[in-house]
Every structure is written in C-alpha cells, then in structure tokens.
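Naming follows writing order (A, B, C, D and E), and every chain is counted from residue 1.
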C-alpha cells in the first residue's frame, strides 16, 4: 500500500505525458485525480496506522533490489515519517488546486504538472525509504523537477537561482553518498537503516565523527543551516509560487528528516560530538535569519529568510538529542510546512495581484483585499510562534529542551543557545510584524490606489482552508502530532540515551 | 461553578468565533453577541465568587485538569485552578469587559471595523480569563501571549495611520522582550519542579525549599522580566503611553483594568517562588520592591507634564501598577491584590470618562478642553469621583487599598513607605492638575461638546458607584466573611503561611491622606490662583497700579509657588520626561532601528558578500581555472606530442624515484 | 668476437650520424636517403643478432617499400629539391630538451637493468622457427593483421583518391 | 643447430576452438562481404551496404550469446592462454557489437546524405570493431598490440572521412600522429617488458614481475616498461595529460565517428588496461596505483574545468568524456590494495563503461538529430529546443543529467559503484580520491545542466520553431540508449550483475 | 657482445625520433622520424629475443614492421589529403581547432 503512495504519482506523470497537450482541462483533472488518489492512500494509511505501535515501522515492504551492493527496496513508516508523508501528499494536492487557473508563465500546464507529480514521488519515497540507497535515490529525485520548476517558470533571475540550488544540494549529496557507502562498509555491509541502527553504535568513534560529517553536509545544505543557506533565498525568490510552497513545506524537511531518521540513530556517538556545533549553527541561523529578514525589501525573500530562522529552531531541537527536542523538531517541521507554505501562497497571490512583492510599494492590503490581509496577519502570528497556533509547539519545546540537553552534553553551552534562541523569537516577531505593517496596514500607495484588487478567490480558498485549519488544530491540540511522534522519537534517541547511561 | 470555571473563558471564545463568522450579518453587527456572552460569563463569575466565599474554612483551591499533550513520558496538563484570587480576577475582568463593551456600542458607533472590534474584545476577554484560570505556567504563558496579540490588534485598531500600527508593534515587541524572560523563567521552573508546569506544586516546593535558592532566584528574576514587560514596569513601561493610540475603551479595559495587571496577577499567583526567590520574608529591599518603587515615582512625575489626557492616565496607571508590584515586593500580598481590585474600577472609570470627553471634543489634548464641568456633568462628577479615589481620599476605593500598601510597607520596608507616601502626594497633585485643566476654566477647543449617550454614561455611573463603595470590601463593614482579606488569601496546601496581615493603622492612614490632601492643595492653589494676575493683566494701567500690593503679595505667592512647586515639579518632572523620551524610549526605539541597521549590514556584507561570495567565488575560480587550462590546448599537434613524451619521461623518472 | 664489435661500431656510428642528419637536414629528399641509411643499419644489426629473416624483411619492406613510399610522398607534396627554408618549427629547443630527457631516462634505466650482461649467442635462428611461432602461437594476431593491412589499404585509397 | 632443425620439422598447427572464435570469424566475413557488396552496389543501392553491416553485427551477437549460454563460467583458453574467451571478454565483446550497431544506426543517414563513401565507411567501422572484439580476448602483448592498431588505424581514417572539410583533415592528422607516437612509446615499453620477462604472454609476465630478489620485478626498467605501456593506452582513453588529441579530433571528425571514438575505442583502451593491469602487472600496483590516481584526478579536474568554458557541444562532450574517463580510472588507482578491492574495482570500471556507452551514444545521437536542423554545434543553438522538439529536449536532458550522475538515472549508479570501490579499499588516499571525485561530479553538473538550461529556459535563437525530422534509424538509436539509461536507473541490478560476471 | 650496446643504440635512435617528431614541421619528415622510433623498438625486440633466446622477439619485430608499413601508408594518405586541401604540409600551421 505504501508503495502505491510512492509510485502512484510517477505512474500518473507517465500517463500525463501521454495525454494530449492541448486539452488542458483533462490534464489538470487527471493531475488532481492522481494527487487526490495518493492523498486517499494517505488517508488509508492514517486510518490503518497502528498508533499504539507508532514506534515501529509499519506497512513495511522489504524485497530484493540491487543484490550486488546488497541494497534492498525496503520501505516503511513510523510515527515520524507518517506526518511528513501526509504533509507532502496534502501540500501537493493543494498546489495542484492552487495553480488550477493561474499557471505560471511560460504557460505549459502539462510539463508543470508532470514535474509536480515527480516531485511528490520523490518526497513520499524519501519519507518512506528505509534503505540508504533507496533514500538517496528519492532524495535526489526531487532535485530535477525542482530545478526545472525554478529554472523554467521562475522569476527574472531564475537560471542563476536554479543552478545554485542544484549545485548546493548536489554537492551535499555527493558527500552524503560517500558517507552512506562508508556506513555500508563500517556498518556490516548493509544499507538497511534499521539494521544499521542496530549495529551503528559499534563503529569506532573517530570513524563515526567522519561519517557524520559527510551526512551533515548532505542534510545541512538541504535544511538549510547557516552558512549553507544562501541558495535558499534565491531559490525561493525566483521559484514560482507553487515551487516555493513545495520547497518550503516539504523539501527543506528532507534534510532535518535525514538527521532524525539516519544520522542520529545510526551514529549516536558522533551525534553527541557534533550536537554542540549543530546547535551553534542552529542558533546562529536563528539570529542570522532574523537579521536577514529585517534587511529584505522583497516580501517573498523575507519569508525565505524566515525559513532559515525557523529551521534553526528545528535544528536546535534536534541538536539537544532529547525526546522533547526531537519531538519539537518534528512538530516544527510540520508547523513550518503549513505556515510558511501558507505565507508563500499569500506572497504568490500578492505578487499576482500587484505584480510586485516589493514591501515598500505595497500597503493597505487590508483595505483593498481584507480577507487576504487577515489571512496574512493570521499566518504572520502563527509564524512568529504565537501560542495556540502550530508554530509555538515547534519553538517552545525546542527551547525547553535546550535547557536540559541529552546527558553528556555541556549544559551551559545549550543554555546559552536557549537564551539566544528565545531572543530570536522577539526578532521573529519584529520582522514579521514589520512586514505585516508595511504590507497590510496603512493605505494603498498611490500607484495602486485605483487598481481593483481581487480578494481571495475560490481555488485559493480551497487550497488554503486545510492549511489554516491545520495550523489552528495543531496549535490547540498539539497532542494530535505529539502522540504520533513520541514513541518513534524515543526509538531515535535510544542510542543516545544508551550512551548516556553507559557513561 | 468553581469546578466548571473553564466555562467562563470558553463562552467569550465561542462568541469570538461567532462574531467573526456571522457578526457582520447580525442586526447589531455582533455587539450583542459579545455583550451577551460576556454578560453570561459575568454572572457565572459572580456565582463563582459567592460559592467561593460560601465555602467553609479552610478554603481549598479547586483544581481540575486533563492531559494536554505528552512527550517522552512527561505529560503536560491543561486545567483550572480556582481560588480567591482567581474568582476575584474573573469578576473584575468579566465586569469591566462587560461595561466596556456596552460603552463601546456608543463610543465605536459607525466605526468601519465595528464588528472586528467586538470580536477582538471577546477574544481578549477569553484569553485573559484563560490566563486567570490557568493551573500551570505553560497555559498561563499561552493566555499571556494571546492577550498580548489582542492588545496589538486593538492598539492598532485604526491602522490606517502608521503611528497607530507602529505603537501596536512597539507594544507587542516590548512586552515580548519581557516575555523572553517569562518563557525562560517558565522553563527554568519547569525543570526545577521536576519537569512539571503545575503552579500549586511550584509554590509548595518553593516555599518548602525543595528547590535550590539559586534556581528560584533565577526563575523568579526571569519571570519578573515578563512582569515588567506586561505590567509596564520601569524601564519597560515605555510602550504603555504609546498604546493610548488605541480606542479609549480598549485603553480602559486592556491598558488599565485587566491586561496590564496580568503581571501583578502572575506575581501574586506564583508568589511562593518570588517570596522565597527574592527572600521577601527577610525584609530589606529586593528587586520587585525597587522596580515597583521606582516606577511609582517616575511615572507619577511624568504624569505632570502630559497634555494628552490619556497619557496622564497612562502614566498614572503605570505608577499605580508600580504600587501593586511594590506591595507584592514588600510582602503585602493582600494589599497588592486589593489595590489591583479597586484600581480596576476607578482607573477604568477615569479612562471611560476621558473617552467620553474625547468623544465630545474630538481631541485628546487637555489644552483643547476646559470648562467641561458645565457641559458634561455626568462625566464631570464620575471623573471627580475617580480622581479622588485615585488620589486616595477616604472613604473612596483607592484610599483603602493604597493605605493598606503603605501600611504593609511600614513593616520592615520603611523606605518604600516613604516612596508610597511621596507617590500618593504626586498622584493627588497631577490628578488635580488634570481635573483642573479639563473641567475648570474656559473651553479652549473648537468642537461643540455635549454629554455622551446613555450607553456611555451608564457604565460611568456604575463604575462611579463602585469606585466609591468598592474599597469597603476591604473593611469590616461588609461583615467578616465577605471581608476581602478573609476570602482572599495566599495559602498553599502543604506549605507554611507566608503572607501575614496587618491591622488597619490609623497614623499611617492619616499620614497618607494628609499627603494626598497637600498634593491637591498645592496643585489646586497653583493652578486656580495663578489665573487672577493673568486676568488682571488685561485690565488698564490704573488698576495695575492699584493692584501693586496684591501683586507684590502674589509675587511672594508666585515666588513660593515658583520657588518650590516648580522646582519640585517641573524641572524634575521635565528632566524625568526628557530622560524617558530620549534615553529609555530612545533606547527601545534605538534597539529597533539599530537592529534594522545591523541587519542591513549583516545581510549586505556577510550574507551577500562573504558567504555567497565565497560560493560564487569558488565557481568563479573554477571558470578561471578553465580559462587558464584552455591555453594548454594550443591546437598544435606537436605541442601535444611534446607533452606526451615529456610527461611520459617525467612520470617515469618520478615513479622510478618513488617506488 | 672482435669482428662483430667492429661491425657494430661502424654500423652504429653510421646510423647515429645518419639519424642525426635525418632530423636536422634542410633537404627533404636527403632526409629520405639518410632514413634509408639508418634502416639499412638496422638490418645489419639484425644480422649481427642472427635474425636474418627479419633483416631481409627489413630491407625489403622498409628500404624497398616504405622509403620509396615516403619519397613518393615527398614528390607528391612538391617539396622542392635542393636547399630550402627551414623545415623545423619554433619549438626546436623544447624538442631537443625533451629528446635528451627521454634519452637520459631510458639510458639510465637500461644501464641499471642490464648493466654489462652479454648476449649468449646461440647461432642463427632459422626462418622456420620464426614461421612456426607466427603460424602457431601468433596465428590470431597474424590473421587480424592481415585484415588490418587490408583496412589500411582501403582507407588510404579512400582518403588519398582524388574525387 | 639440430634443435632448431627439429623445431623446424615438428610444426603442429595450434588447436583452435572455432566456437570461441566464431564472433571474430562472423565479423570478418561480414566486413569482407561489405567490401565486396560495395564494389558491386550501384550508387542507389548503397543503403544495402549499411543494412548489411547492421545485420552482420547482429549476427555476430549470436555466437556471443551461445558462448555465454554454453556454461559461462568455464573459460575457453587457446594457444597457451594467449587468447581467452570468458565472461569478461564476452560481456565486452557484446558491448562492442551493440555500440557498433548503434553507431551504424547513427551513421546511416549521416553518411548517406553527406555523400561520403558508404561501403568503405562501414568496412572500416567493422574493422575497428573487429580489433576491439579481438582486444577483449587478447592475453599477450603482440595480440594486444595488433588489436590496438586494428581498432585505431580505421579510426584515423574515419576521423578524416569528411575529406573536403579542413577540420576533418586536421582531426585525422592530429589523431593519427599522436596515435602513432603513443603506440611507439607503448611499443618501447612492451619491448622492455618483453626483454625483462622473455615472454609476451601476460600470465608469464605476471609471474616474472612478481618474482622477488635483486633481479625481481621491482626494477626500474619494469617500472618504465609498465608506465610506457600504460601511457599508450592512457592516450587511447584520452586521460590527461595524454588527452590533447581528443577535443580537436572529436570536434573535427564526423559526429558518428566521434561517438564511435569516444565510446568504442575508449572502451577498447580500457579493456586493454584491464587485461594488462589485472593479469600482467598486478604485482606492481606500487607503480600503476599512484599512476592511475594521478591520471584520474588530472583527467576529472582538467576535463571538467575546460569543459566549463566550451561553447561547442561536441567539444564540450569531448572534455566531458575526458572527465568521465577520469572517473573510470579511479577504481584502478585503488585496485591494488587487496584482491577484494581489485574485484570491486573491476566491477565498478566495467559497470561504468557499460553505462557510459549508453548515455554518451545517446547524447551524440541527439546532437546528430539536432544538427540536422540547426546545422550548428554551438550549445547556444539548443535554445528553446523544448519548445519545438520536446522529445529530443527531454532525451538530451536525461542523457546530460545521467552523465552528471543525478539519480535515478544510470550515471548515478556508475558513480555510486566507483565510490563503492573507493571506500571498499578504504585507505586514506582512496577516500581522498573519492572526495575529489565527489567535488568533480558537482563541477560536471555545471556544464551538463547548462545544456539543459539552453533547451528549457532560453528562447529559440532564430524564431524558427519547425519541428526536427528524426530519421527512423536515429530514433532506434535513441530508443535503445534511453531505454538502457532508464532501465539501469530503475533496476541497476541487471547491469551490475553483468559487471560482476565480467569481473568475476 | 653486450646487450646494452644494442639497447643504447636503440635508445639514441628513439630519442632522435622524438626530436624529429617534435621539431620537424614538414609532415613527411615527421613520418620519417616516427619510423626512426619504430626501428629503435625493433632493435630492442630483436636484441631481447636473442638475449632471452626466444624467437618471439623476431616475430614481434615482424608484426611491428608490417603494421608500421600500414601506418606509413595511412599517414601519407592523410598528408596528401591535407596537402590537396591547403597546398602545404607544414603541420604546425594546422591549428584551426584549439582551446
């Protein structure tokens, strides 16, 4: 069943490629159908998932794939993968709906939708993969479609942004695959993640540290962590709305997911060694991203930089190596997916209405398109971590966790991080409200006074409502997510805790 | 009702959703929903009070909670903790909110975002109530942030003007800066209490010394940072005056009666931590008291030099909050809470009064008012009552609570008693000034003032009454069971009693009243008398001659006034105000601007040049390398051949040597 | 053993001299003749080493065919007879350097490997032996080589033929 | 004397296994047939020649398959082991034949429409392929030498096949001169090795070289001999610094020939290297280990860096093929550390060769197809290809990113196998080599993606949007190559198994 | 006779050949120089054959001779082709493709 969730989109893409180019309605309908079907599978998974055993892999498939290098087609989901999987499914559907009647230029729905479906396969696969090589393949599979999405349908500077995004990520994954192979040889000649988790601890410390470095490069660039983040603003700014939404909502999560799923459980020892540095980069990212935001003139770019800050919180949570921290991280991933995804949607809609995202030229959105304005306001508050909305549960527990990181980590170091991170929340409020004020408050600038601004229209409503509901629901009932992830996280941290108890 | 106190916040929450959804389509644009809901909540709150007071001794706090979420075996609960403090707050919040909403139907009439306004009020009330009933610090934090947002929305209600939205942002950011402290404090105490947010448990452990003093001190200090932000304590008070940009009812509800006292409430609620953290029990001075004391004086001084009536009230609010904080700082828990209680009434009254004035003259500036006595009698009388209550004239509400504070300070905190008295003096003085400038003399504005509509008048009257009698709850008059101090106690099950009561102390009382009266006297004398020579100056030279002596007399008078009062009031106050605007406020704004600037630099230099540059540089060098290497491809076959043979021979030699 | 050494000495001297002129002369035709001298010398060396068959093949194929071929080439490319401008390009010194470097490397290695070992002379190797090895051990390469020669022929014709 | 006489009289013909030689025989028959047919075919019947060549190649596959099926494990060795047919040689012979067939498909219209000699063209092509097929089985120096020349000389000629085109002449000349010089160097090396070991048989050479002691195989002369031989083939596989001919020749030669040279003859060179290194010189890994390391790093880096600056697609592909050669050389560098490492190294190289053949041929097919319309080799002429020829654009994209090594395309697996070999060796140098390779694979992406960028993201240079007419044979070539690339991408096991068989 | 006297002679010839191919610009002369190198190799092979007392050396030499002939043929063809197209055999002028 899980395989269906992975393969359905790509099959759909192939069929789509066969459909006539001219008949746009059919193309869109088909794409929507496929994504919905996939989401349907997702719903089935949600229902059939045994939450009592959310710590173990479920819906596992484990068949021979490449015996030569002893790599198997091994997939399965646990409490951590499930939410991410659902997230990517939902986002894709919404993106198809959103782009329903305004495809970016050059107008070529067929290619665009095919890419979107390919992307979904890649994302779903990554979240389900339980074999390093398989993971790698899916991890990379998302590169090409996103490259073309940015490069073909992007903004004026798209080619630069696209190739930059591509090169960065590829550089990371080149080192990552080396690390994977090192794991293969050091970890008992297998790429199977569960097996490696079982045996990973046996690898010598220095070796672990080296391998972890490789993995780190791979994942950190994807996250992206300071100082590997510079591809992100360009990619986001240039990408078409849907592209940035998927990029922000799901693709960035691949990196953090990699940390949680692979790096930490397999190499707990190295994780202990690296955690302080990861934490450092994380908090730098938090402050740095905030400063970056304050310096922006472009709405979308600002949101992009805010992602750097938010992922900083996620990484901080991970760096604590505690159950609290990593739960927070997973929550943060989902929350950021929903919220920042929303923000990019809005930025796109604003762009579409005003043909500019330049904050200084905008203003009085609340007067011209009240609903859009209020939604923006809502998302801003969600994004700055307002309690009662999803964002808070990503930030607060992360900060909480860094008060008392995993045993064996320097207390004072992480408490310093805690303080810095919490100051970061103020910055977050700063730049987001500043943006809100410039964009939504005040009155329209003269150049747009006359122009009629269409308020939210139907596809936008359909595409956004689920996200907004999700933000509120998760904000009020965080346990919706926590009770899924918790057990799985304890599995992740088990290695670290064993180390701690061994000390 | 005590068990189901969670209903009280829930109802306004629902009304918020309802108004948001259907408000615009309703006949009264959603106002009725809001008022109805809050009315119900108010009734329930009253029931709760009665039930609480009716409980037999010793009154055990009612606790109920359920698991909210659960991580790594730690389960975080959500629940309610109802005791005297809670019910008192419930009543105050619901009641003031009710009146304010009623008042707003008049005040906000025809506003373009009338419905949103009521929705926001409902949301605010809900969050505030939730904060009040919270039984754990996390939940409290949630409510705390939510009220902050509501205040943001309401301050910026008229966001068409940038000034307003900026004020809103300033308010939000300043408080949030404090909240960093709060959040960290909550976290510290969470771990200190063994991964537990529960407040009662926290108090118990704190008092019984189950938590190391160091941790407690840290936690308390951090929490207090949050308090300073929310309750506008020096030096984080700067946002409150700007917050006056919001509609006046909002100022009355949020920035006078309820939200700003959240800080005080927090201290009172988690008093155990502060008490042992700052070892208040040992007497002497401590952070809370100091900050409170400073705030009292500074704010009061600032209130002198304001022209904007709401600003006067704002500073007065700050100073009064200072009183409360100081009270808690000197261990006078009951007194502090009591002052919170009474202050809610008369300050709300004053704000609503000023609101009705502004409504009438379409200006905040007292320089454009004057002579309102005749034009707006209701407003005048109620305002007078409010001012006198604030000035602490017996037997009005303010007197009892303020006296209790000063009285409390007199036991081991004499310094702060002095502060309290000085504060009382200044309070009386600046209120008199305000009252004079507004209600006496000639009308200096251009509008045509008229009495406000009943929707606005009635709340004033009600509050007026309460400002008169509200304080009596603190006395034996109401009977022992109903006496405030009787059902309003800070007692933690399983921990020793830490708050001791102080009997009513006549000398202190008289003293405080005295300074109050002196304050009024001087101010009144200064403002009222000063008129005559000016008036006389208009007359002919003859008269001027005849007046010589009188004038001379008043030379003295003026001399005295100028010599003393001015030197006391103006320069100091002016200086204080200057410092306030340019130093403290400047710092706050400066921080904002500075951050933006650094951000710009960081972005332009570090991000775009250094980091991005490094990467692009790598690419560039690669390209350069390509260009250079291309030169080797000369296109001449014999060069290639030379390379072929040369390389072969070279490598040969190399290999031979190194193998 | 003296005569061989004398013979070798003479031939070697002639070959080196001719070879040197070959790569330095200013006249293409002369160069071809010098080449013939060198090749003849090589044939002589073969005889010295008791490989008569190879020696004869050398004479026939090289001097008989290749040198003639090259001369035709010279003619066809109309290189004027008698002195003419320089036939060298501008990297003469590089070339000399490389050549000497190669020579040095080879010489030292050879000296190191075979120092003063002598060739124990087992008498003339009969042509039969050679043919045996060609048609026995090396029959496959021989067949392939025939195809190769055919290919070279066809190709050369295809390229050179005027059309 | 008597001994010699006895030897003379007692000649017995060597026992030849004709089944094992069947592929060579069929091929030879075919090429002779082609030559004859060309003589008798009139101008309008020349197309027959091409088909003849094609069928001949397919026919050659038959004995290869039968040999593979007839107990693939058991090795057929002839003439004292100087000519061996085993899984290794069969896999590579198969590769050569298929590549040859695809090249025929690519060349079909090209030669026809360019009115170049057809018969001779295919004849020479087949000769070259024969050389390769022989190379795959050759296990002694002479056979290797002859095979090398057989696969090279037709190449020299074909490179100049566009006779009236100066560039083509130049290509031919450069290729020829450098080729001959390289083989001279190689021959000198062979003579040294022969002199030292007294045998031309690789197995004997292996034992002789492994011999310890003062006169053992560690001597300088052996080192130089090995080096010179390797140089000869390093030239063939265009490894830096012996690569210089490749870009000029590739650019000048007719595109199908370029494809042939860049895939087939390069592979031929590698096959020779496999035999020499793994059979003959294995004992002296201290010589060739570092040597290949240097060659690999230089090839990857220099190839990539210069490729960054290219504007002509063929030239860019030339440099890319240099860089790719670098990747294929990496496993050699680490093969010496242990038998196990040698094993996985050989697998890696062979897998890479198989994959490389597919994707490079594909790329060249697209180049030919596009050139039919644009008549230009400039990368800029690919602008907006996606608009008027989406099919070709997508194919080219696939090939480019496969060359760049982006999963899930075949190229990624090739690289993964190389990395695997490197890390299997596990030495510090090996890992360093791996990192260099990783970085280079990123640089490579730069220019590969720039082609994709042209096709997808830039407008058509001359607004001419008429679709490209792709002749059937070319479509077939594209079909074969792309299906291979995708198939490996999804299910690498198939080819990995081949590689393992061959190296087993 | 010492083995090395032959080898050294061969080495010298080889080096001369190297010089020739590098320094001569007339195509035909380059071909001649190449022949020089090949002959050096042949001397080596035959000498080693005698030294190791095996006939393989001669055989090898024969193969080299045969194939050398083929190469010269092809080479001359190419040079003729070029001469026909550009009326010159100066190969250092042939650098249309570079970089």
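Just so it is clear, contacts are C-beta pairs under 8 Å (C-beta built on N, C-alpha and C of every residue); 3 or more make two chains touch, one makes a residue touch a chain.
Nothing here was measured: the structure is a model prediction, and the numbers come from that model.
Chemist: Which neighbours does subunit C have in common with subunit E?
Modeler: B, D
Chemist: In how few steps can one go from subunit A to subunit C if every step must land on a touching chain?
Modeler: 2
Chemist: Based on mean C-alpha positions, which chain is nearest the centroid of every protein C-alpha shown?
Modeler: Central chain is A.
Chemist: Among all chains, whose Cα centre is located farthest from the one for subunit E?
Modeler: The chain farthest from subunit E, judged by C-alpha centres, is B.
Chemist: Which chains, taken as a pair, are joined by the highest number of C-beta contacts?
Modeler: Result: the chain pair C-E has the most contacts.
Chemist: For subunit A, which other chain has the most distant CA centre?
Modeler: So the chain farthest away from subunit A turns out to be C.
Chemist: Quick check: how many Å separate the C-alpha centres of subunit A and subunit D?
Modeler: A distance of 43 Å separates the two centres.
Chemist: Averaged over CA atoms, how far is the centre of subunit D from the centre of subunit E? Could you give it in whole Å?
Modeler: Spacing between the chain centres: roughly 25 Å.
Chemist: Can you work out the whole-Å distance between the CA centroids of subunit B and subunit D?
Modeler: Subunit B and subunit D have C-alpha centres separated by 80 Å.
Chemist: Report the inter-chain centroid distance for subunit B and subunit E in whole angstrom, where each centroid is the mean of the CA atoms.
Modeler: Inter-chain centre distance comes to 98 Å.
Chemist: Would you pick out the residues of subunit A that each touch at least 2 other chains?
Modeler: As it turns out, subunit A has residues touching two or more other chains at 167.
Chemist: Which parts of subunit C, given as residue numbers and ranges, touch two or more other chains?
Modeler: 89, 91, 94-95, 98-99, 102, 105-106, 109-110, 114, 125, 129, 132, 137-138, 141, 145, 148, 152, 155-156, 159, in rising order.
Chemist: Quick check: what residues of subunit B touch more than one other chain, meaning two or more?
Modeler: Within subunit B, the residues that touch at least two other chains are 619, 630, 633, 635, 637-639, 641-642, 645, 648, 652, 656.
Chemist: Let me know each pair of chains that touch one another.
Modeler: Every pair of chains in contact is listed here: A-B, A-D, B-C, B-D, B-E, C-D, C-E, D-E.
Chemist: Show me the residue ranges of subunit D that touch subunit B in the complex, using the header's touch definition.
Modeler: 173-174, 177-178, 181-182, 185, 218, 220, 223-224, 227-228, 231, 235, 241-242, 244-245, 247-248, 286-287, 290-291, 294, 302, 305-309, 443, 446
Chemist: Within the complex, which stretch of subunit B touches subunit C?
Modeler: Within the complex, subunit B touches subunit C at residues 638-639, 642, 645-646, 648-650, 652-653, 656.
Chemist: Which subunit D residues qualify as touching subunit A in the complex?
Modeler: Listed in rising order, the residues of subunit D that touch subunit A are 347, 390, 401, 406-408, 412, 415-417, 419-420, 423-424, 426, 431, 434-435, 438-439, 441-442, 445-446, 449-450, 453, 456-457, 491-493, 496-497, 499-500.
Chemist: For the complex, which residues does subunit D have touching subunit E?
Modeler: So the residues of subunit D touching subunit E come out as 141-142, 145-146, 149, 153, 156-157, 160, 163-164, 166-167, 169-174, 176-177, 180-181, 184, 187-188, 190-192, 194-195, 198-200, 247-248, 251-252, 309.
Chemist: Which stretch or stretches of subunit D touch subunit C in the complex?
Modeler: Touching subunit C from subunit D are residues 1, 4-5, 7-8, 11-14, 16, 21, 24, 28, 31, 35, 78-80, 82-83, 117, 120, 123-124, 127, 130-131, 134, 138, 142-143, 145-147, 149-150, 153-154, 156-158, 160, 163, 172, 188, 195-196, 219-221, 223-224.
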